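Structure below; questions to follow.
When the chains are written out, they are named A, B, C and D in that same order, and each has its own residue count from 1.
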Amino acid sequence: MPVMTASELEAFAQAHFPQMDGFGFRIEEIEDKFLRIRLLYHSRHLRPGGTISGPALMTLADLAMYFAVLSMIGPVALAVTTSLNINFLRKPSPVDVIAECRLLKLGQRLAVGDVQMFSEGETEPVAQATVTYSIPPNQYRER
Amino acid sequence: MPVMTASELEAFAQAHFPQMDGFGFRIEEIEDKFLRIRLLYHSRHLRPGGTISGPALMTLADLAMYFAVLSMIGPVALAVTTSLNINFLRKPSPVDVIAECRLLKLGQRLAVGDVQMFSEGETEPVAQATVTYSIPPNQYRER
Amino acid sequence: MPVMTASELEAFAQAHFPQMDGFGFRIEEIEDKFLRIRLLYHSRHLRPGGTISGPALMTLADLAMYFAVLSMIGPVALAVTTSLNINFLRKPSPVDVIAECRLLKLGQRLAVGDVQMFSEGETEPVAQATVTYSIPPNQYRER
Amino acid sequence: MPVMTASELEAFAQAHFPQMDGFGFRIEEIEDKFLRIRLLYHSRHLRPGGTISGPALMTLADLAMYFAVLSMIGPVALAVTTSLNINFLRKPSPVDVIAECRLLKLGQRLAVGDVQMFSEGETEPVAQATVTYSIPPNQYRER
């Protein structure tokens, strides 16, 4: 079961990733091996054509997975992404994007998550990502 | 053979992606189906542990591919990423990162590129990405 | 809604891919943008350690997506895989493997599907794949 | 430097993967973190349209990486694929396919390789794969 709340995760991010402040997100729900996060719309995320940029969605997918892992194992700042695969499916309108991350595997050393991203109010995903994290062996001492 | 120079690509980016200004990059070399680009080190790209963040490397890989495609087909702002797969191989030191993109395929509708990224002065890659772009059918009218 | 039944798909495969006969599969369910297929256990699918081999799971993922696409657009033999990304999550026991494919996107030219694979009787997936298919422009004439 | 020869690898495969016999391959060259392997053409690898099937190329990519890893660390049968990402670039003619695997990373626990595949006699790749292997902790005792 989750060991961190949304506000604990946000406080942790603010302390360890102060530069993420400009990204503009809000964690909305945490369940067992599941996390939902919202990217708040800002014009800085746009690309030509008026859609949300690929890098914004990739950052969101990575962040969703990072928080999903931390919600389950605690505040391990040094958990690192080992791979990320993303498919861009539809043009994301210039609105908030909601990412839902499900942990497919949460092992001692490796976690794998599936992240689906939706434009606010839409039911068809704008992108799907599979993200792999490596968990440092000394994780539990860091809590 | 390439149809755009490094300074033409940078001017195009500045006109169409003004928000990329803060990312801090420089196109260093363009050859047939090959492009090298440098991410200039800035503390905003760091993550806990003092290494360059995953999102910074993903943005760099995407940008390397975008410019590699545009260097060959001309200024098609609406070429879009359809998928990106990245493997993080080593911790990137807090220095510039150089990305080299080779186009494995440059079709009418689809381009696929291999991007290898290196910390300045190192010979072993810090990350490898495979990026797929979709080229809009009306590309030639847009030049 | 689906336009082909399980037995129509199996007959189509037998006619166009006679060499798949040795693979040993059975289509179990077809719904709107969803297909479930079973890989029948055979010792030829084993690898050292007594688990189902990676190539068997990759072939299953590719086949699940192929049939999911065909179930929706009809018997287009020339639909081809453009990319496949698979994560192996757990050691698959020497039993049947069930693959469930959900189409995340079914466009005119491109389809993207998410495939989750389970060992018979288990609830945690042994592998997850994301598969992209290209649909030939003359698809409708081929039916 | 490599610790196994092509014929040692082929003998190892025959002992541990007798079912691979029907696949029909030949290891052609081994260098430091590099291996070239040939898939011998056989009609069983064809798919509709008369091209080499996707599963045949995926199996080849996986095998190239497996042998590249073993050539460097010795006969560790239980090294397992953790992920594979493949892009199909061109239609592979009904001839031999040559795969070249370069190890981008060879760590204690994880190896990552880039595999490019070519139809015999061609210079443009038919497919590119990135493959990740997990190396069991007790690898050295198994030699």
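Everything below uses one rule, namely that a residue touches a chain if its C-beta (ideal position, glycine included) is under 8 Å from a C-beta of that chain, and two chains touch if they have at least 3 such contacts.
Source: prediction; values computed, not measured.
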| item | value |
| --- | --- |
| Longest centre-to-centre distance from chain B, chain (CA-based) | C |
| Interface with more contacting C-beta pairs, comparing A-C to A-B | A-B |
| Geometric centre distance via CA averages, chain B-chain A, whole Å | 23 |
| Geometric centre distance via CA averages, chain C-chain A, whole Å | 29 |
| Residues of chain A whose C-beta touches two or more other chains | 82-83, 85, 87, 132 |
| Interfacial residue positions of chain B with respect to chain C in the complex | 82-83, 85, 109-110, 132 |
| Residues of chain C touching chain D in the complex | 16-17, 19, 43-44, 46-49, 54-55, 58-59, 62, 77-78, 80-88, 91 |
| Footprint of chain A on chain C - complex, ascending | 85, 87, 89-90, 104-105, 112, 114, 116, 124-125, 128, 130, 132 |
